[in-house]
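The next part holds the structures, each set out as C-alpha cells.
In the two complexes that follow, chain A is the common piece, with chain B as its partner first and chain C second.
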Partner chain A sequence: MRLEIGRINITDIQLGNETSVQNGVLTVDATSLIAKLKEDDRIKDIKIDIAKPGDKVRIIPVKDVIEPRVKISGGNNGFPGVTAKPAQCGEGRTHVLYGAAIVTVGDIVGFQEGVIDMWGEGAKWTPFSQTYNLTVDINVIDGLDPHTHEETVRLAGLRAAEFVGQAGKDLTPDEVLTYEMDSIFEETNKYPNLPKVLYAEMMITQGLLHDTYIYGVNAQTILPALLHANEELDGAVISGNCVAACDKITTYQHQNNSAILDLYAQHGKEINFMGCIMIPEHTTLSGKMRASDYTRKLVKMLGADAVVVSEEGYGNPDSDLLIICKKCEHEGVKTVLITDECAGRDGMSQPLADTAAEAVAVVSGGNVSHVVTLPPADKVIGNAEAIAVLAGGWEGALLEDGSLQCELNAVIGATSEIGYHNVTCRAY
Partner chain B sequence: MSDGFKVLYYVNQFFGQIGGEDKAGMKPEFHSEKIGPALGFEQLLKGEGQVVGTIICGDNYFNENKEESLEYILNLVKQEAPDVFVAGPAFNAGRYGVACAEISRAVAEELNIPVVTGMYIENPGLDTCKQVAYVVSTSDNAGGMRKALPAMANIAYKLGKGLEIGSPEEEGYIARGMRKTIIVEKRGSLRAVEMLIKRLKGEEFETEMPMPVFDVVEPALAIKDLSKATIALCTSGGIVPAGNPDRIQSASAQKWGKYDVSGRDALNAPDFYTTHGGYDPVYANEIPDRVAPLDILKELQKEGYIGNVYEFFYTTTGTGTSVSNAVKFGTEIGKELKEAGVDGVILTST
Partner chain C sequence: MKHLIITNNPLVAEKYENVLWTDGSVEKTLIIVRDFIHQGYELVSHPLAASLRMLFSPYRSIIIDKKKEKLNFEHAQIIEDSIIKYKKHMDLRKTDEKTRDDYKKIDLLLLEAALSEEQGKWY
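Our next item is the complex of A and B:
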C-alpha cells in the first residue's frame, strides 16, 4: 500500500469571496460554506470565524478539530463510510492544507468540550494554537434528541473540512511524503533481523460523545481490528468523542497520529512496523476481557516482538491499558504504554486508577488536573461561560477579569495519550 | 549581618554539642548562637541569609514527650518567625530522624514555613515528612555531613529567595511523591518509540511513570440480618438534584454532596440528573435511578427485605477524580455513615 501526502503549506487564513489557496494564504468563502452545511436541515445556524497563532483569541467549547484535505487519486474524497461512499483509505494521493484546521464549536451536548487559546500561557498547552483555524460554530434546530444533535455537529465538521480541502485540489504541493509498506510477509523478508512491532490504539467507545468510528462503523461494535498503518493517516478513523478535552483523540490527531508517524519513521531502520490494532474500550468487564484477549491473539498471530499501546481517556480505560499490557508481557511481548495521569490538582495523588507490575515502560502525557490560569482574551469565539460545566472547569473558573482558571482537562490535546503533545510529568 | 532571609536551625543533643547518649533526655532549648552544623550552614547561604538561632533537643526526650516538645518548639519557631526552617541532617539515626521529621512536618503544615532537612533513604522518619519538606538524600552516617550541608543550604537559599526548586536529581532531595507537569522537547510518541527501541536492544531505559501501589481495604463483616439493617445509597455516577446545588464538578471532583431522599420513592427526572462528564448521560437523565437505584432500595424496604433506607444519599463524580480525593471522600462519607448507624452501603459507579 502506497500513500502520498502532498502538503500545501498554509501560512495565513482569511475569509473572502472564494475558497482558495494563494501563496500559502487560505481564503474561505464563508457564505458558500454555510450554504453547503445548511443542506443538512437539522442545522439552524452556522457562524464562521478565524483564529490565527498569536491572536488573543479563545475558542470554547471546542468539539472536534479536523484537517482540511482533498483526495487526488485512489479511494474516495472525504471520509469513506461517513461522508463518502465506502472506499479503501491509505492508497493514492491526498493533498493536505498543512497548517490549517477546522475547529467545530457547538452547543453543548453533555459536559465535555474544550478550550483552545491561540496565544500566551494557554497556547503552550494545546497543539491547536499553532494551526490556522477556521471555526465553525454550529446551532441545531430545536427538538433534536442528543444523539442526533451530536451526529449533526460531527458531520458538519467533517463536511466543512471537505469543503475547505477542495482548495488544494489543483495545486502543486510544497512537499510530498510517501508512506509505503507491502504485505507483512514481504516487509519481514526485507527486514528479517528487525524486531516486529505493532501499534495498539485504544479508542473510547462508550456512548454519546464517547465514540470513535472506523470507516463509519461505530467501534463500540467491533472486535479489535487490524489496520494497515496508512489507513488512519488517510481518513479511515474519525472522532465522535468529546471526553475530557485533554486526552481525547480529535479527528485531526487520527489523521496525523503521531504514534503511527514516529513508528513509521523507524520502519526498516530499527524496527519492522507491521500495522495498527484498533481496540475498543468497553464499559463492561467482559468487554475489557474480550478486547484484551483478542488483542493478545492478534499480537501473537502476527508474531510481534513488541507493541506500543496508547490509551484514550482515563479512569476505567486505565484497566484496559494494564490488562492488555499484562497479557502481552506474559506472552513475552515487550510493551510500551502511553497514558496520562490523574494525580490531583496538587500532583500528590497516585496517577492511575489501576496498577500492574508488568507496566515497566510507560510514557506520561502529564497530569490532567494540573491547574493553569489563562489570561483574558480580546475575543472569545463560542461561549466563555461554558467553562463552568466543562470537564476540568468549575463554577467560578471564569474569573471577573475574564481570566480562566482550569485544569488541563479542559484544554484540547494537552495531555495527548497518542503522544501528540510534548507535556509529561516528573517525580518532584 | 542583619540583612537577608532568616533561617532557624534544629539539631539533637549530639550535634548541638551538649553531649552523647547520656544527654539524650534533655528538654528542648533555644540558643541564639549558631551551633554545630548551623555554624557552617550560614556560610553556605551566599551572604544572603542568616541563621538566627539553634533549637536543641534530646532525642529520647523528644520521642518520649512528642506533643509537649512539638508545642514548645512550634512556639519558638512562631516567635522567631524564620523564612526557612532547617533540621538535621539526621543521616540514618532513627530517633533523631523521627524528631526531625515530626518537627519538619509540623512547621511546614501548621506554620506554613518552608522546611529543609536531610536523611538517609531508609531513615524511619522519611515518610512522615517527605511530602511537605525537602529532604536531602544523605549517606547513612555523619561522614556525609560535608556533602549534605551544601545541598541543604542551596535549597534553603532558593526557598529564602523565593526561587523555584528544581527536580530531585538537580537539587539532591528525595522525591516528594509529587507528579509535576512539565513541557519537554520531544513529543510523547517519539519518547515512546525511543523507549521501545532501547528496550528491544536491551539497553537501559527509564519509565516516566512508576506504577502506583494501592491500599488494600479489608472488607467489612457480612450483615447478619438484612431485614433489620439500614442501607445507604452512594454513587460516583454524578447524580445530583436538578441545578446541581453544590456545584459538584463534572470531572476531577473536589467535593461530594448528600441529599435528603427520605420523602422520595425514586430519584426521578427532572428533579435529579447527572453532572458526570465521563459517560453518555442520556439514559441516566431519563431515569436517574439507573445509576443510583433508590427506587429498588425503597421497594426492598417496603417488602421488608431490608430494614431501612438511610435518609441521605451521597454522591460525587468519579471520572478523573484523583485517588487521594477519592480516599478523602470515602473516609469522610464512611465516618458519617458509621456515626449514623448505617449497616451497609450500595455504592454504584459508572
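Our next item is the complex of A and C:
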C-alpha cells in the first residue's frame, strides 16, 4: 500500500469571497461554507471565524479539530464511510492544507470543556495554538436528542474540513511525503533481522461523547481490528468524544498520529513496523477481557516481538492498558505503554488508576492535574460561559483579575497519549 | 433478574426495575458496590468512568452480576482501588452541581451503552 501526502504549507488564513490558497494564504468563503453545512436541516445556525497563532483569542468549548484535506487519487474524497461512500483509505495521493485546522465548537452538554488559547501561557500547552484555525460554531435546532446533537456537530466538522480541503485540489504541494509498505510477509523478507513491532491504539468507545469511529463504524461494536499503518493517516479513524480534553485524540491527531509516524520513520532501520491494532475500550469488564485477549491473539498470530500500546482517556481505560500489558508481556512480547498521568498537582501521586509489575516501559504524555493560569482573552470564540465550567471542579479558580486557574485536563491535546502535543521530557 | 444496577441517579431508578437506588453521593454508591463485591457479587461494569471530567459527576451507576460462591478477588481489588482513586481526586475537587442534569443524562446513556454490550449472554 502506497500513500502520498502532499503538504501545501499554510502561513495565513482569512475569510473572503472564494475558497482558495494563494501564496500560502488560505481564504475561506464563509457564506458558501455555511450554506453547505446548513444542507443538514438539523443545524439551526453556524458561526464561522478565524483564530491565528498569537491572537489573544480563546476557543471554548472545542468539540473536535480536523485537518482539511482533499483526495487527489485513490479511494474517495472526505472520510469514507462517513462523509463519502466506503472506500479504501491509505492509497493514492492526498493533499493536506498543512498548518490549517478546522476547530468545531458547540455545547452538547453543560460540563463540556476543551480550551484552545492562541496566545500566552495557554498556547504553550496545546498544539492547536500553532495552527491557522477556522472555527465552526454549530447550533442545532431545538428538540434533538443528545445522540443526534453529537452526530450533527461531528458531521458538520468533517464536512467543513472536506469543503475547505478542496482548496488544495489543483495545487502543487510544497512537499510530498510517501508512506509505503508491502504485506507483512514481504516486509519481513526484506528485513529478516529487525524486530517485528505492532502499534496497538486504544480508543474510547463507551457511549455518547465517548465514541470513536473507523470507516464510520462505531468502534464500541468491533473486536480489535488490524489496520495498515496508512489507513489512519488517511482519514479512516474519526473522533466522537469530547469530555477528556487533554487526552482525547482529535480527528486531526488521528490523521497525524505521532506514534504511527514515529514507528514508520524507524521502519526498515531499527524495526519492522507491521501495522496497527485498533482496540475498543469497553466499560464492561467482560469487554475489557475480550478486547485484551483478542489483542494478545493478534500480536501472537502476527509473530510480533514487541508492541507499543497507547491509551485514550483516564480511569477505567487504565485497566485495559495494564491488562493488555500483562497479557502481552506474559507471552514474551516486549510491551511499551504510552499514557498520561493523573498524578496530583505536585505530580507525586500514583499516576494511573491501576498498576502492574509488568509495566516496565512506560512513556508519559504529561500530568493532567498540572495547574495552569490562563489570563483573560480579548475575544472568546464559542461560549464564554463555558469558561466558568472549566473552573467548576474546584473552588477559587477564577481569580480577581479575570485569570483562570485550571488543570491541564481542560486544554485540548495538552497531554496527548499518542504523542501529538507540546509537552516533552528533560533529564535533570 | 440477571443484573443489579447500583445507582444514585434518579433517571436510572425511574427507568429500570433491577435497581438499588441510594440518595447518597457517588462515594456512597461505590461503597455499596464494594460491600456487594465482598459478599460474592461480581462487577459487570467498571466503577470508574473513562475521563477525569466524568469524575466530577454527582451521579454514577454501576452494574453488578449475580452472587457467586466465592469472592472474586480481582473485582474486590478493582472496586477498592477505584474508591481510593475517587477519594484522592475528590479531596481536591467538588462535584459539578451546576450541570447536574446533564450528568444525569450522560450517566444514563453510558449505562445503556454498557447494558447493550451485555445483551445476548447467559453465563
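We take it that the second predicted complex is superposed on the first by the 404 of 428 C-alpha atoms of A that agree within 3 Å, B and C clash if a C-alpha of one lies under 4 Å from a C-alpha of the other, contacts with A are read in each partner's own complex, and residues count from 1 in each chain.
Convention: a residue touches a chain if its C-beta (ideal position, glycine included) is under 8 Å from a C-beta of that chain, and two chains touch if they have at least 3 such contacts.
Keep in mind that this is a model prediction, so the values were computed, not measured.
After superposition onto chain A, partners chain B and chain C are found to clash with each other.
Looking at the shared chain after the overlay, A:Val336 reaches chain B, while chain C stays out of its contact range.
When the two structures are aligned on the shared chain, A:Asn409 is found in touch with chain B and with chain C. In the superposition on chain A, contact of A:Asn256 is made with neither chain B nor chain C. In the overlay built on the shared chain, the residue A:Val423 is in contact with chain B alone; chain C does not reach it. In the superposition on chain A, A:Ser286 makes contact with chain C only, while chain B stays out of contact range.
Once the two complexes are laid over each other on the shared chain, residue contacts for A:Val362 go to chain B alone; chain C is not touched. By the touch criterion stated above, A:Pro317 is placed in contact with chain C alone, chain B being left untouched.
In the superposed model, A:Gln220 lies in contact with chain C only, and not with chain B. When the shared chain is aligned, chain B and chain C each come close enough to touch A:Ser349. Chain A uses residues 110-111, 146-147, 206-210, 243-244, 283, 313-315, 342, 344-345, 349-350, 353, 368, 389, 392-395, 407, 409 to touch chain B in one structure and chain C in the other.
For chain B in complex with chain A, the touching residues are 131, 167-168, 175-193, 195-197, 199-200, 205, 207-214, 247, 249-252, 254, 275-282, 318-325.
Every residue of chain C that touches chain A in the complex is listed here, in rising order: 43-57, 63, 75, 78, 81-82, 85, 88-89, 92-94, 96, 98-99, 101-103, 105-106, 109-110, 112-114, 117-118, 121. Taken together, the chain A residues at the contact with chain C in this complex read 109-111, 113, 146-147, 204, 206-210, 220, 243-245, 248, 281-288, 313-317, 319, 342, 344-345, 349-350, 353-354, 368, 388-389, 392-395, 407, 409. Per the touch definition, chain A reaches chain B in the complex via residues 110-112, 124, 145-147, 195, 197, 206-210, 243-244, 258-259, 261-263, 265-266, 270-271, 283, 305-306, 308, 310, 313-315, 334, 336, 338-339, 341-353, 355-357, 359-370, 389-396, 407-409, 416-428.
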